[in-house]
Amino acid sequence: MSEKRLEPVQEEQESCDSHSSASGCTIFLGYTSNLISSGVRESIRYLAQHRMVDVIVTTAGGIEEDFIKCLAPTYLGEFSLKGKELRQQGINRIGNLLVPNDNYCKFEDWLMPILDQMVLEQKTEGTHWTPSKMIHRLGKEINNPDSVYYWAYKNDIPVFSPALTDGSLGDMIYFHSYKNPGLVLDIVEDIRRLNSKAVFAKSTGMIILGGGLVKHHIANANLMRNGADFAVFVNTGQEFDGSDSGARPDEAISWGKIRMDASPVKVYADASIVFPLLVAETFAHNADRLIKEKNSD
Amino acid sequence: MSEKRLEPVQEEQESCDSHSSASGCTIFLGYTSNLISSGVRESIRYLAQHRMVDVIVTTAGGIEEDFIKCLAPTYLGEFSLKGKELRQQGINRIGNLLVPNDNYCKFEDWLMPILDQMVLEQKTEGTHWTPSKMIHRLGKEINNPDSVYYWAYKNDIPVFSPALTDGSLGDMIYFHSYKNPGLVLDIVEDIRRLNSKAVFAKSTGMIILGGGLVKHHIANANLMRNGADFAVFVNTGQEFDGSDSGARPDEAISWGKIRMDASPVKVYADASIVFPLLVAETFAHNADRLIKEKNSD
Amino acid sequence: MSEKRLEPVQEEQESCDSHSSASGCTIFLGYTSNLISSGVRESIRYLAQHRMVDVIVTTAGGIEEDFIKCLAPTYLGEFSLKGKELRQQGINRIGNLLVPNDNYCKFEDWLMPILDQMVLEQKTEGTHWTPSKMIHRLGKEINNPDSVYYWAYKNDIPVFSPALTDGSLGDMIYFHSYKNPGLVLDIVEDIRRLNSKAVFAKSTGMIILGGGLVKHHIANANLMRNGADFAVFVNTGQEFDGSDSGARPDEAISWGKIRMDASPVKVYADASIVFPLLVAETFAHNADRLIKEKNSD
Amino acid sequence: MSEKRLEPVQEEQESCDSHSSASGCTIFLGYTSNLISSGVRESIRYLAQHRMVDVIVTTAGGIEEDFIKCLAPTYLGEFSLKGKELRQQGINRIGNLLVPNDNYCKFEDWLMPILDQMVLEQKTEGTHWTPSKMIHRLGKEINNPDSVYYWAYKNDIPVFSPALTDGSLGDMIYFHSYKNPGLVLDIVEDIRRLNSKAVFAKSTGMIILGGGLVKHHIANANLMRNGADFAVFVNTGQEFDGSDSGARPDEAISWGKIRMDASPVKVYADASIVFPLLVAETFAHNADRLIKEKNSD
């Protein structure tokens, strides 16, 4: 069964290969923040580093946890550790992972001067900031090859996160706004940019790990082109409550988010188990071919 | 068991009652868009109408589907209806609900002049638009007591939706931006406003239906005040993949999103079954007292 | 939505009413042992007391926990209580319920003389014991109107539990077999009896709470009559792993376990929340009519 | 994360190795019938063939589907195939697998003479049949190295299935009982045998795929020895409804089904994805050592 589930990824990639140019198959990768907190970050970084995906959508946590990991380590803990005791020790739990408060202090020290600079550029150069532009700048500033967004910056892969204020980044922006007010983060320009990526692609593929915003945002952008040509969902959501998170790909076909003749796949599994295997057997397996072709563009 | 699960809501409400003034217990209500698509919308509308909640957080779909229901009906279908056939008939599926394409056309006809007006005000009066201000305006424009956001407008309940472009609203804004460009929707001012709601509250309660953005956004705001005093989560998410959506309330305690001495509750159930019961046995049960006290503020 | 989900039960019951005699609609009720451990036991007892169901299928725990509750109370605890600490205190956890070891000692004291008697009858009278006959005997011996199986005994409702040795009953039978060997529990006669209940019914309805053995056993019996006429499943199982527990009713139609023209329903919910509501709005709501008709048989 | 989850299996096996003799670590393997229907059957067959497990517990379907696969193939279909259409074509669906009615006819042709023979032996030789003895006989009769139970027979691995009548086997026994009545299948002798396997083991390990009967039955047997030393559960069940299927291993510690000092693991995943990987990286990885030691017993 698992082999059959994996097939379409293979197919997707090969189809994309066959016209693997700037005008070929545009791959949208979406993931929730827990995947950056977990070791799946390395698989995602690999894809960004080798330009194997073209557009990234994630949540605020999916952005900031990548940078924080460049500043201080995340630790392995247990799901059952008591919240009260952790709180008293200044340790934050993400599933079975632990992030000390001090990591967020380091993040603050790193981020605040960048926010100052952003406000300055807005005022002096008229820079119109959007979440994707801010992530691009942060990827440049981190200047660390362990970072997903460093590679997204280097390889000009746009990263969209419309609710970028929903996390530690938002906390910092909030605090900073009292010291140095005026920063504007506009989400209208970003929706134009994201939708254009879908509209002007020859064909598109969606690889979406988890649900919520990241799933809907990529699918909605592909609605603008009457549907993605390829789609792989990996999540544990169920359809019975009518949520978009748990919806089967067939619901997306009714909306025109996936083409009627596509063969979308939903893998009902924890992406932290499955995604490294998927990447290994598809993108990494064909890395020589994929990297060469991309580089010869 | 279900009775025990319900207890804390009762307690929450009564605790909130006891200092039920503008400076009393601020209740944050969050929900995903499927709940507006479903009949739970009526329970939410009831809460907004009677000022029983103080802050709302939802997704783009949670906004637009409320307005669209004022323009044309949503139909009851089946989870198993084929996406391809629905697509060919111009019908979009949300779980077991059906929304014809024509509903979105009506929405477009209604929205476009408002967007024109918003751009005009931005240019002529310098209005600094944010998602919450736009929702407030739309609530005023719809002028229909069936709408959740009509009552939010009337009762000055702020509604936050930082990724407001992630849905049909975003599609319209995208199309509109080619005809009449320039609209800016800033998410920085909204994060200030949301966080201030938590920071300056005497005590807070969180009622969160579903996961993803709405769950994290409310909890993150309450982190700014070292934790909510009361919390009720209703969702079907599981913790094993480390997602915030599936995390138990105890994880939020480690972060300071819920107070260490709180007694948070997670109900593992489809909110569309459970939430109307919860509202009936708590808010509606105590409606006389709650409404009178609110009105005598 | 929940109302729609409830409809078929209503329908089922009324259909059954219309020929509510020995030759009418035979209702098979199945449930896993946790439902007897929980307060759902009272709803089940109500159905047995008023002869509102005709055949019961459950697991060993579903039998023994009912009797044990007649001997000593079960306590409300927490899902998060540490296993090691409970073990050291002699307390067994079932979800958020606690059962002291002492309860099982009381059960042993009660059961052992009955097992002696059963062996004696087997040897002297040639009694051919089966799980259902043993449960009938235990229901007589407990002689307590709080017990589901007391009422099953009184009202001649057969209770099937082919793996009756899989629980504390099995432990007792195991210990007892060293002191007083020879007891035989035959499962062949019981499968004849269960299947005959389905084969010779005019119409049948299945109400199955949870998955595993109880779900399959009732459905398999109804295969013998080319399918049940009515079916309501309440469980949280999912289909993606191909288990029978999580299978949708439509899978049972392929097997002939449910009739092709039936309108089966699956409620995706914790039965401990949903089943008391279902009973209240159907069986209990129509109790006057149902009880009168049954009594006038 | 997945690596950490796998660790304990590694550890388990090595611990078992260290005293890998008849008096060493007794491994109980349990699985639900869908895993035999799926390709996981090959992994299970491998373990039985090489005597890498010592006791097997499964459901009736877990027995019969193995034999039926020796008589005719199972086909790959889709979860969404309509039950009514399949029924009309005489095809039974198990998740995304399809089994034609004709396979069950072949099974009947194969089984009936064996049942005749069993009745004869019971009458003439006084054979006291139990489910495990019947499975042993069937494993001998199938005489096919593709069969799990052929190897269980060859290698004297007892296979327990107390509710052996709950499936096609039960259908056949039911039909046969009208033509040639009298067969008795006793579950008391089998519980003695299963419990003894646990009680007299030096140490034990439990590997349980799925929930329901197979999970409880193995754990309950290990209660007789105050707990298993090692435990790996692979299933998708959740604890919130209080079911044994979804219970975390820590609940089993409270009962004494797992030792207080054990390090049990629950993998929240579809066993059909995970179990072949687990077997490959543990049993198969160490096959040389495991097989040699077993053979030199």
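Going by the order they are written in, the chains are A, B, C and D; count residues from 1 in each one.
Please note the rule applied: contacts are C-beta pairs under 8 Å (C-beta built on N, C-alpha and C of every residue); 3 or more make two chains touch, one makes a residue touch a chain.
Every value quoted in this text rests on a predicted model; they were computed, and no experiment measured them.
Participant: Measuring centre to centre with C-alpha atoms, which chain is farthest from subunit A?
Facilitator: C
Participant: For the chain pairs B-C and A-C, which is connected through the larger number of C-beta pairs in contact?
Facilitator: B-C
Participant: Mind checking the centre-to-centre distance between subunit A and subunit C? Centres are C-alpha means, answer in whole Å.
Facilitator: 48
Participant: Where the CA atoms of subunit B average out and where those of subunit C average out, how many Å apart are those spots?
Facilitator: Between these chains, centre-to-centre, one finds 42 Å.
Participant: Please output the residue numbers of subunit B that touch at least 2 other chains, ranges allowed.
Facilitator: 1, 38, 80, 96, 238, 240-242, 250, 268, 270, 272
Participant: Spell out the residues on subunit C that touch subunit A in their complex, using ranges where they run on.
Facilitator: 1, 80, 238, 240-242, 268
Participant: Residue numbers of subunit B touching subunit A in their complex, please.
Facilitator: 32-34, 37-38, 59, 61, 79, 81-84, 86-88, 91-97, 128, 131, 162-167, 170-171, 173-174, 177, 183-188, 190-192, 195, 210-213, 216-217, 220, 223-224, 236-247, 249-256, 258, 260, 270-272
Participant: Within their complex, state which residues of subunit D touch subunit A.
Facilitator: Interface residues on the subunit D side: 1-2, 4-5, 38-39, 76, 80, 96, 250, 268-270, 272-274, 276.
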